[in-house]
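Paired with chain B in one complex and with chain C in the other, chain A is shared by the two complexes that follow.
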Partner chain A sequence: MSGIKRRQILASAPLGLAGAALAGTALAPRNAAAAEKEVLIGCVYPLSGPAAQVGHDAQAALQVMADIVNGNHAIPMLMGKGGGIAGLGGAKIKLIFADSQNNPQIAQSETQRLITQQKVVAIVGSYTSATAVTISQVCNRYQVPYISAENSAPSLSEQGLTWFFRPSPTDNDFSQAMFDFLEAHAKETGKPIKSVAIIHENSVFGSDSARIQTGLAKKAGIKVAADISYQASTPSLQVEVERLRAANADVVLPSSYTSDAILMVRTMHDLGYKPKAILAQDAGFIDPTFLKAVGPLAEGVMSRSSFSIDAVKSRPAIPAVNAMYKAANGNKDLNDLTSREVTALQVLADALNRAKSTNNMALRTALRETDIPGDQTIMPWKGIKFDKTGQNIEGNPVIMQYQKGEWHTIFPVDVATATVEGSF
Partner chain B sequence: MVPVNTVLRRRRQELILGGALLVVLAVLPLAISSDYLRGLIVLTLLYAGLSQGWNILGGYCGQISLGHGLYFGIGAYVSTVLYVDYAIPPTLGLFAGAALAGLAALLVGWPCFRLSGHYYAIATLVMGLIALLLVNNWDFVNAARGITIPFRHQSWVALEFRFPNFPFQYVMLAYAALAWIIAWIVEGSRWGFVWRAVKDDAVAARSLGVRIFPSKMAAAAISGAVVGVGGALYAQYVGFIDPDSGLGLSLSVLIALPAVVGGVGTLWGPLLGAAVLIPVQQLSGAWLGGAGNGVDLMFYGALIVALALLRPQGLVSLFARRPAKAAEEAHAG
Partner chain C sequence: MTASLVLQVAIGGLLMGLVYALVAAGLSLIFGLMDVVNFAHGQLLMLAMYAVFEFHTLLGLDPLVQLPLVAALLFVLGVAIYRGLIARALAVRFNTGMVQIFVTFGLSIFLVGFAQLVFGTDFRSVNSGLLFGRTVAIGQIVLPLPQIAAGLVCLLAFAALMLIARTEFGRALEATREDRDAVALIGIDRNRIFSLGWGIGAATVGIAGVMLASFYYISPTVGDSFALIAYVTVALGGFGSLIGALIAGLLIGLTEAMTALVIDPSLKQIGVFMIYVLVLMVRPRGLFGRL
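And then the complex of A and B:
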């Protein structure tokens, strides 16, 4: 008898799961009623697969910001006072994470689940642009705000979506900042930049970056002396580096992931080629692994970034937030991605506070009226203010330089902590 | 030797069972109010159809392909490009996608069917990877950035819906039913018998006068076309296609998996496999994936291993009539 029972239970295991899902639907409204003082926010990130590390870091970063809002840490920034969301009677933020597996279809169905089953008031995500496309479309259909924390593909805010908000700069802004910096620097030294050499890995990140840079160089009247693409997993960059040497440009602009950035800088050293200046598109060049691998060879390398951890004078909240993040995530410092994730949740918390309601229309109106001065965040931006596509128009990136074993912000001047070194 | 009229009777029974199931599945969506569960049904039916398509070549004909993602991707990309760039609705575009996917299957088959066993499987795998690399760098189809299908207006012709889960249950049901009926037809056709002969013993079949190569090519073309239709529908459902989600290696495995778990070379295997695998995969991800510790994937993997060990003939064998009874019937017939 008991044997039969056990077999029946085993056979019905998949059905049990489905049953659990159904039960979840039935229970959701009751839960919401029981705990009125909780605001549910859905977070969709890759938590398994090759991009899982980024997703786990995002989990830690978002939880830190939720703790800041919910707890009592008295951090000198907007929503840093703690004690929950005042506008909602001190309601606490509760994050619900979903694994996108970095797959657009799974991101889509998980977002649907968070919205229809868990009744989240907004979605935060999602690292890769492929998943952001489907998440932002689902959010638009169900009329739930999507706060894009660190997706940088410009096309996302050009889809005509009305529930999309992106505090982060886009790839266009990033490359623009690099050329702004070159122009300002040339003015200061009186030596115009005549040519650049673009070298990029050939996936979506590198080829988009190169395309935008080529356009900006043309606009600025700077000659593109070389445009070299390679595969990130390549075992050798000798030919590419020789071509860079032959081009002999004033500035080399690499868009590389970690292992190829290491290979590039080492090959330059081995072949005895020292470019006048290297101005990198973030990514591999600011990865701590890169610095560990090439050591002193990285001295003088510049990179754009959307975060500058040393800008503590103008952004007083950084040390406290960074300390919390470090404690939560294996002693890692906040970086370009995690800082933007913290800020995305800050923007959402501020909007909820002003909306004084979790109603989707009220929340969207509040998001549209967002106006946060830069010094109320941990970002080096002028501020956060959305245009009608949902894109932040005050999120200017920074340029950093690796000097004497540390990254220092060198541009724009108002958040700079060091002056440019080098003779380009 | 099973007498002919028994075979005919069994086939008629299967057709009746299939029709009854179709009616049940057509009514089921009306009883479900959760949009998330509707999405689950959409995916399950999609994979049932895709895997049935794979089953025609991989199951009935015994040519194990690990490159069916290629045909899926061709179907998806062709219909999407036709729609986004040339305003040809996907209900027409999917025929073009299916035709080109079938053609691609012939092109892959032409050199590769000269290989046998594992060599054929590896060749299909490599073909899929080559296509992935090419599309990743092909600017005409937006390279690695992928193509977004913007939502413009509610339309059955363009298969565009503000809330696609409900209507797509019927779209995918039609697709799964189409794939099933194609499999049912070929199973009883001359080709079906030839394929099973080729699968059992290619040399013996050839010595009896079976022309192996053309029969394999026919299976490949039908199989590729069916999977191509699924790709076109998938792209329209998700609203976005990029090289990884349209042509990735894992996709080729996901297409084959329901048929393998459910029962290779059987009419009901792919549907049964999809009905178990897709809900378990999606629900375990939904309930355990948020923790980010991979428990959901371990659970899913363990399930597949367990099924493979306990039911190597596939889930469909759970429903098989007892051999003694079948033999008895055969005698009586």
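And then the complex of A and C:
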């Protein structure tokens, strides 16, 4: 946001408040009704079934952002001042949740219901990319913006939809960031990374990740010394680890879920194999239960992430937002998913504020003009600015390293809180 | 691929095979005794692992020290399951086979839910102890001490099971297996033999659980992958045969490791099931089956 704009908003706030106060004394009853003005926003998440936990966390995260906009918390970020949406006369955000059961068909009908019956002005969702496909298409048909909070499949923004907006990076960006980091690190140490060993579980997540990484390695001129796929439910990873040891690559790139990540790190330890570096594709490696289970064995492990909770120096809003979320959701810290949900609603609130209207065309224009600098959000991104497909072009992921019992951001350098440890 | 790598993988596979074999032994024992397939077998393994974890965190007991304690606990649990559920299921006069399947299957679902409620769904692991993180190096071959110990304990447990088979009680087991009605005529209490059979079956899987807990993660669903292999082991070795379970467990461990090394890790179960299908085609009663 430019300086002028910020000043305008700051200036309009006291006036608006004073105006409301004046009017309040004169016409209390009628104005009370006016102050109740609400903007309805639909949120589609899995609230029952195996993925329900993620949905309930999302509910808490989105509600926290709504409270920030509606309340008076004075958080140092865009739309963090409170008092409702100034551009809409202080209207309050009201979230309406629908249960997708993590099923694309149900997500479709629930989205339709929210749009046609509840008259929501926009939809936020939806955790899995499979549900995001149907939601984004319904939204496109009804010309209602869909803010994709944490869906990461690259194909979503390649559907040619004109009502789709995604602040979050995609899986392509995530893998790209890992190779950018390796390149930057090699430049700094003067020791080029010659080979990587890819090890991945063999469902869609792991296989896609490995495919992208293989392509990027080829492009960067790095040899793929091993490409090992395994079943996540396997009772033993000894042979897989032996093959990694035999490949002796400079960096091991695992794409694993939680149980297999635990088994892999323990097996490496038990067999006395210490890779020069482990750079993980998020997921299991960043799950707090992984750290609890392997403890000190995780020391030095690196992973990509889209959120870094320790970047408080460059993102001053994090402590306050995190405190609110913790209080609202059983003392949990914000994570990779919930931080992006907070941000999705922030983007929408900012657009509503600038659109000064809930008209869908005005709102879409405002969304397209979104230009939020990174330090006005809680994300470590450069900023939020959408391209023609609705994809954020400034959402660069970060690389974290587990050092002395905590995750620290090590890349990119402008949000880093620690330097890389290890010799690779 | 060097010789030492092949040897390393082979020994690792055999050690894992011993654990598979002991898990299968309890299943085989119960099936051989009374023709009941215990679908909750993997869940007994899971409970034993959680017991190790809880005793370790609450009392600081080393997993190895807990061996007799957890085995005894599982013995009692096995007897209780027989008395409380299986004996009743056996007494049903219609659809007996179905009732038995549903009783043990229902028990398995209950035990997973119970573990989720009591222990939570997080993954746990035992991160200290006499064996934790130690390795033994023989030349270029590095073997984890917890797994060597697990292999040895499993072998000992097998030896004990075979000794039991030679005792008076073992002969009573054998007789009850042959004809459960006739034994009553010579004064053998069928119910007592069955409960002891369940107790011993559960205790062996308990021992496997203790040894696994020192190098494996623990979660409410940890029993699933081991149970699947245990069913194959029992069928491969021959229903009711202890030596069959031992040989089949070793064979499966070795096949799994070798398939992963030579072909592809994600195909390792295919190697196991291919051998299984082959044996079924050539010798349907299993390697050592007598049925």
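Definition applied: the second predicted complex is superposed on the first by the 388 of 424 C-alpha atoms of A that agree within 3 Å, B and C clash if a C-alpha of one lies under 4 Å from a C-alpha of the other, contacts with A are read in each partner's own complex, and residues count from 1 in each chain.
Note that a contact is a pair of C-beta atoms (placed from the backbone, for glycine too) under 8 Å apart; a residue touches a chain by one contact, two chains touch by 3 or more.
This is a predicted model, so every value here is computed, not measured.
Visitor: Following the superposition defined at the top, how do chain B and chain C come out on chain A, clash or fit?
Guide: fit
Visitor: In the overlay, answer first, second, both or neither for which of chain B and chain C A:Q159 touches.
Guide: In the superposition, A:Q159 touches chain B alone.
Visitor: Using the touch definition from the top, say if A:S48 reaches chain B (first), chain C (second), both or neither.
Guide: Touch status of A:S48: first partner only.
Visitor: Let me test your reading of the model: by the given contact rule, A:Q59 touches which partner, first (chain B), second (chain C), both or neither?
Guide: After superposition on chain A, A:Q59 lies in contact with chain B alone.
Visitor: Chain A residues in contact: does chain B have more, or chain C?
Guide: With both complexes superposed on chain A, more residues of chain A are touched by B.
Visitor: For A:I96, using the defined touch cut-off, is the partner it touches chain B, chain C, both, or neither? Pick first, second, both or neither.
Guide: In the superposition, A:I96 touches chain B alone.
Visitor: Looking at the overlay, does A:N202 come into contact with chain B only (first), chain C only (second), both, or neither?
Guide: Touch partners of A:N202: chain B and chain C.
Visitor: Under the stated touch criterion, which partner chain does A:G272 make contact with: chain B (first), chain C (second), both, or neither?
Guide: In the superposition, A:G272 contacts chain C only.
Visitor: Looking at chain B versus chain C in the superposed three-chain picture, what is their shortest Cα distance in Å?
Guide: It comes out at 8 Å between the closest C-alpha atoms.
Visitor: Which chain A residues contact chain B in one complex and chain C in the other?
Guide: The overlap between the chain B and chain C interfaces on chain A comprises residues 202.
Visitor: Report the residues of chain A in contact with chain C in the complex, numbered from low to high.
Guide: By the definition above, chain A touches chain C via 202, 228-231, 233-236, 238-240, 242-243, 246, 258-259, 262-263, 266, 269-272, 289-290, 292-295.
Visitor: Along chain C, where are the residues that touch chain A in the complex?
Guide: Interface residues on the chain C side: 1, 5, 8-9, 12-13, 16, 122-125, 127, 133, 135, 137, 142-144, 146-147, 215-217, 219, 224-226, 229, 256-257, 260-261, 264-266, 268-269.
Visitor: Under the stated contact criterion, what part of chain A meets chain B in this complex?
Guide: 14, 17-18, 20-22, 25, 47-48, 52, 55-56, 59, 96-99, 101, 103-106, 108-110, 112-113, 116-117, 129-130, 133-134, 137, 140-141, 153, 155, 159-160, 202-204, 207-208
Visitor: Enumerate the contact residues on chain B facing chain A in the complex.
Guide: Against chain A, the touching part of chain B is residues 34-37, 39-40, 43, 136-137, 143-146, 148, 150-151, 162-163, 165, 234, 238-240, 242, 244-245, 276, 279-280, 282-287, 289-292, 294, 296-297.
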